[in-house]
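The structure under discussion appears below in the form of structure tokens.
Chain nomenclature is as follows: A, B, C and D, assigned in order of appearance, with residue numbering initiated at 1 for each chain independently.
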Amino acid sequence: MSKEKVVLAYSGGLDTSVEIAWLKNAGYDVIACCIDVGEEKDLVKIQEKGKQVGAIESVVIDAQQEFAEEYVLVALQAHAYYEGKYPLISALSRPLIAKKLVEVAKQYGATAIAHGCTGKGNDQVRFETEIHALAPEMKIEDPIRDQHMSREMEIAYAKENGIPVPITKESPYSIDENLWGRANECGVLEDPWATAPEDAYERTNALENTPDAPDYVEITFEQGVPVALNGQAYELAELIKELNQVAGKHGIGRIDHVENRLIGIKSREIYEAPGAEVLLKAHKDLEDLTTTKDLAHFKPIIEKQIAETIYNALWYTPLFDSLKAFIAESQKEVNGVVRVKLFKGNVICEGRQSDNSLYSLDLATYTSADAFDQESAAGFIKLYSLPSVVHAQVQQKLAAAEQLVLK
Amino acid sequence: MSKEKVVLAYSGGLDTSVEIAWLKNAGYDVIACCIDVGEEKDLVKIQEKGKQVGAIESVVIDAQQEFAEEYVLVALQAHAYYEGKYPLISALSRPLIAKKLVEVAKQYGATAIAHGCTGKGNDQVRFETEIHALAPEMKIEDPIRDQHMSREMEIAYAKENGIPVPITKESPYSIDENLWGRANECGVLEDPWATAPEDAYERTNALENTPDAPDYVEITFEQGVPVALNGQAYELAELIKELNQVAGKHGIGRIDHVENRLIGIKSREIYEAPGAEVLLKAHKDLEDLTTTKDLAHFKPIIEKQIAETIYNALWYTPLFDSLKAFIAESQKEVNGVVRVKLFKGNVICEGRQSDNSLYSLDLATYTSADAFDQESAAGFIKLYSLPSVVHAQVQQKLAAAEQLVLK
Amino acid sequence: MSKEKVVLAYSGGLDTSVEIAWLKNAGYDVIACCIDVGEEKDLVKIQEKGKQVGAIESVVIDAQQEFAEEYVLVALQAHAYYEGKYPLISALSRPLIAKKLVEVAKQYGATAIAHGCTGKGNDQVRFETEIHALAPEMKIEDPIRDQHMSREMEIAYAKENGIPVPITKESPYSIDENLWGRANECGVLEDPWATAPEDAYERTNALENTPDAPDYVEITFEQGVPVALNGQAYELAELIKELNQVAGKHGIGRIDHVENRLIGIKSREIYEAPGAEVLLKAHKDLEDLTTTKDLAHFKPIIEKQIAETIYNALWYTPLFDSLKAFIAESQKEVNGVVRVKLFKGNVICEGRQSDNSLYSLDLATYTSADAFDQESAAGFIKLYSLPSVVHAQVQQKLAAAEQLVLK
Amino acid sequence: MSKEKVVLAYSGGLDTSVEIAWLKNAGYDVIACCIDVGEEKDLVKIQEKGKQVGAIESVVIDAQQEFAEEYVLVALQAHAYYEGKYPLISALSRPLIAKKLVEVAKQYGATAIAHGCTGKGNDQVRFETEIHALAPEMKIEDPIRDQHMSREMEIAYAKENGIPVPITKESPYSIDENLWGRANECGVLEDPWATAPEDAYERTNALENTPDAPDYVEITFEQGVPVALNGQAYELAELIKELNQVAGKHGIGRIDHVENRLIGIKSREIYEAPGAEVLLKAHKDLEDLTTTKDLAHFKPIIEKQIAETIYNALWYTPLFDSLKAFIAESQKEVNGVVRVKLFKGNVICEGRQSDNSLYSLDLATYTSADAFDQESAAGFIKLYSLPSVVHAQVQQKLAAAEQLVLK
């Protein structure tokens, strides 16, 4: 009788290599699946290692461009910051990875999907919820969590099963990264009073080491999509990488956040998102110029909901589809160029222009030749303040009546 | 018969000095009233000038501490940024000034209040709406707007009426400032593509001229009120001023904003709010540590409404009272210290501690000795993803039925 | 030289007939334009009268089906009740009428559009704002408001200009109606303590006169669109009319609302919307069955914004387009049938069924054979209540410390 | 050594009587605690039975007035309907019961609290979360859920332990009730297409059996609190009971709701809340008269959050305290009388009056003597529609440019 198959989200590291062995020992045929969302992994090497440690198939997928266009872009256009600070780095890649795992599982006739998340983070909830939403019939395996494997147990299990154990000292940090940024937790960071040490960062220079001359970038947007830097066209994934480089050099995009996890505890996270920070600020700046006041004042409600919906692993839901429909419609007039100065950790939008600009010099200027009908202001103010006037009159009437009573 | 009295919001400048003359010529006894909300005006000189150019009384009021405690504090605790960018500088002082003008008017038996706003800005709406809300019976005079006085007309009128005309060249900018910041519009700023020139700024150094060594400040909050810097107690107004100095030196708090005015047009504004920027970031950082997730996730809805309500001149309304009651209650546990690094335009919250900290190392850590019950996670995920599972099952059932029909 | 042309929103009544004369006397060629949105007007008669009283052209348009499909449907799917009570009757027709007026104006080369609204209602704001949004170059004429014409003046002007004056006594009410309902204000209704008299109603029976046996209707929805009654297919406009009949007979849909007008005053309005009431309740009932919890809990935010956006005359805005995109997406799974009992003023949704039903008997039942994993509940509750536990522990620790200090 | 003590939420029924035995057998001294929130239980009898079946102490608490004033009132003033339909009957009593259980536990030195909820409803989450929030150190016992006791097992266990077994046939329904209403689920109700049978209702007459003459009630509110009926003062609990009687007689307050439970499944519930329905409608009606537009338009956001926060068992949280502070402040001007007609299932607010009325006949009337400045309307409309005008002009410019390109 043929064995059941399981698709494992494989990174090439110790945890998931041990999982290959464990799943195999548990009676599965294991298909290792490594999905690159912008870590710029050595996919060839990982593919080989997967087979080497026991997988019957080892699949690698470069999903960077799909990640940029289908996942990151929504977050950018929605100015998605969870709790006003975290630009949703890992939370953004999870639904894509889940989708790819399900696709591979269906392709190979697998009945289960495995991941290597711990039992106290967001990722276990995200992987399992997103997989359930796409393929509720799939079993889910998470041996690391469910077998309570400690680091020491993993190393012992690796040795028993002929899995190479890394000889370098284990990093004190737990890191996840992709195109949109890099997330870091654990170690010394677990004391929220302690300054994050310099070795917690990788994509950004310390301010002390940034160049003493700024870079200037002109970012062109078409319908809310960044399409060019300094006039040169880029695919979105490449554009983000390019900005990661230049903004990282200037120390842009470090975030130190005590955040509320999905599972109800607070954790302290260090994020780096240099390119994201630049694009998010520039996009907002262009919207300030091109978006009507009523839309600009309501969109933040949608944005907050989008950030929380992504964080909470509800990407593949009718709610999220509806939120995305709102955002897509809202971007039609977000066309133009923003000139950004990158310097000493700062993203400074110095100028913005657009054919869809709703800024009217004729209306805004204070010169005598202006188009604005100042006469209208008096009428406007009269009706605008009318509810306040009526309310104040009623209050005065009541106060007067009370005075009478007191006398 | 005695004349009617008018209280004029008096700044000592040409506009409002001309208004004294105009109101006097229109038959009023003028009471000039100058209110200091943190411009650190020479009140003695302004008081003298008011009388000199024709006021029968000249009143000066130092309202800085009241401004800090009753107005700025609400904005701080509500993280109030209009359109995500503007920390409500002028918008915050208007209700206080309106209140003081009404108080003076009642004290002197005046029947009218005068101001000198132009006919296309927010301030005319704000002054008039806030005055109406407090004293709907007051007449409002605005000769500059209603007489369509240009600069040239003002100078001519000043000369006719013995008012000294400033000999310095007029600033190209229109500026308003107080404790919480400085607002600048007009001139070259009216081209949103143009970089704001260095002379548009006064409270902040250009990044190029900031010190090469950071300053560190420990800010202590009690129930959401900043009460000490580096362990030294301060009155709130003084604390803000102190931070304006040190943060301004580091080039912190420059804001370049294309914003939607109350009266329906876009304008481009340059703000400087160094102390505000530090306090707003530090306060949010402490809330991240001390506030429960459910409150932290709902408070932004209140914050957005507070920012818009202040911007829209609705301070003296039952809505605003209700919003303030929410905020006051939300601050009870916002106690602790935030350590902030000020450097090269950046406000970096490096550490935070609090007796009310809800961060639990025992829960957050990934070490084996942790208190978190990882077993619970599986049950949680099962119920958490249940709606997604049911939805997916229904979709699959419908898809299968459709397949059957197609066959 | 040829005259300028003006398109007048023409009703056939005294007000707008007088306006034809006034506009003609002011030098315009007048094109009378009557748009039927469900009042079931005698269009032939109105067309004739338009010409008879001086219009050079008289255009009539039956816009009922377009009104139902493009305007009413959005309000239905968004459960749009302004201030929780008013189902947006007149507010819904204004953007359609404005669009038709602009189309006719462009067709005839007119440079102006005229309407007959008074100076204190919502309608003047709505017509002018919606017309501006579609054709900002159009002049707008409103002689009734701008000439301050009283009823007596209108009658005199009519006699001078050969316009027939109605001999019947003027109604004490000001009424507007369409497919979706009937709005009534003025007269005795202006005392909010007074019971609305029976003659204020036209589409609904008094409860005292309703039948003593109920009617039952099964309403079928496809993607949120009501498509059939008791299994019989209907065009939307006809379906609404049919429900107006049957629900009106049972006294359903009377609304007595003290509402906040756009222009800042309160007014008391009597509405009748029998069909609307039935459809709104049935549609919500079906959504309760077919919509996921997360979408069901966020959609009301969109609904409230849609109601206010329509009320505030912002139909032709990018905000409204974005809101509509959300709603359209949200309706994909709103398929099924609702069985409604209509009786004595009540709309009672007694049963609902759908292929998209997310109600799962297996999960919801309390019998022993149920599919729900009760074990998971404990884990869920543990994580769900974790923030409350941590908060309580911190509070207890602080209370204990305070006790120590007090001792 | 003395035994540990447990406080059990005791109803006198089979489930909780069996739990007394089970807890005793498990080594606890059991304190039975029965809390009356308006079921009008025979407290003496329940107290006796508690001791009789094995409790060492049996405590009964009449908490009706506290329930009305501290819990129901918040829901009333917040117009709290979960998912727009359910007026939070059981959800409202749970935090009060949890608080009383904790008080009794502390008084008797108990270390555990027990309840008898099943494993798939909201109540287990509510009891445990609210108890945790007040006393995180308490153990929680739920033998029915945790021992998977079926009805049959309970009866067997009762017989073994000398507990009287009711001889009447078990009700097909699962019912919970209090002052504010009655909730009913299970049985035939589990088919959402089935009409709820008449025996599912107890507090309300079928419409077919209601009186043919209406009752009229004038309800007086002071600061949002209902204080009198037809001019006669009532304690709140009594006032609600009185309205339950009269409104129930007229068939008011039946609710048939397919709702989303906290734990992620849909269930179908039948509620009866006659008094609640009357008070909620009357209170909203009075707010329509006395509350300013800006507050009236924002309060629903708070209301929705309050409904969900109560439903989700987060009563004892800083979020809920902040929400309550908002509501308390918002009620200061909600004074006056509403005249309500109760008839055939309908609550009809026919008239409302208040010293705080913001309805101004002078402003609202269309008569010529009105106070409204119609001139201001033109200025208002001009500024109000300015953003639409600018947007339309930009669109036209772009369309024209595109035309040129196409040629």
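Heads up, the rule we're going with is that a contact is a pair of C-beta atoms (placed from the backbone, for glycine too) under 8 Å apart; a residue touches a chain by one contact, two chains touch by 3 or more.
Because the structure is predicted, anything quoted here is derived from the model rather than measured.
Student: Between chain pairs A-B and B-C, which one is joined by a greater number of C-beta pairs in contact?
Tutor: Looking at A-B and B-C side by side, A-B shows more C-beta contacts.
Student: Starting from the mean Cα coordinates of chain B and chain C, work out the distance between those two points in Å.
Tutor: Spacing between the chain centres: roughly 38 Å.
Student: How far is the middle of chain A from the middle of chain B, if each middle is the mean of its Cα atoms, in Å?
Tutor: Here chain A and chain B have centroids separated by 30 Å.
Student: Considering chain A alone, which of its residues make contact with at least two other chains?
Tutor: Only 260, 263-265, 292-294, 301, 314, 317-318, 357-358, 360, 363, 375, 377-378, 380, 383-384, 386-388, 390-391 qualify.
Student: May I ask you to sort the chain touch graph into line, ring, star, complete or other?
Tutor: Drawn as a graph, the chains make a fully connected set, so complete.
Student: Which residues of chain D touch chain C in the complex?
Tutor: 83-85, 118-120, 124-125, 128-129, 132-137, 145-146, 148, 150, 174, 186, 190-196, 207, 254, 256-260, 263-268, 284-285, 288-289, 293, 296-297, 300-301, 304, 308, 313-314, 316-318, 339, 343-346, 348-353, 357-361, 363-366, 368, 370, 372, 374-375, 377-378, 380-381, 384-385, 388-389, 391-393, 396
Student: Applying the document's contact rule, which stretches of chain D touch chain A when the two form their complex?
Tutor: 292-294, 355-358, 360, 363, 373, 375-380, 382-384, 386-388, 390-391, 394, 398, 401
Student: Please output the residues of chain D touching chain B within their complex, sorted ascending.
Tutor: Touch list, chain D to chain B: 260, 263-265, 291-292, 294-295, 298-299, 301-302, 305, 309, 314, 317-319, 321-330, 332-333, 383-387, 390.
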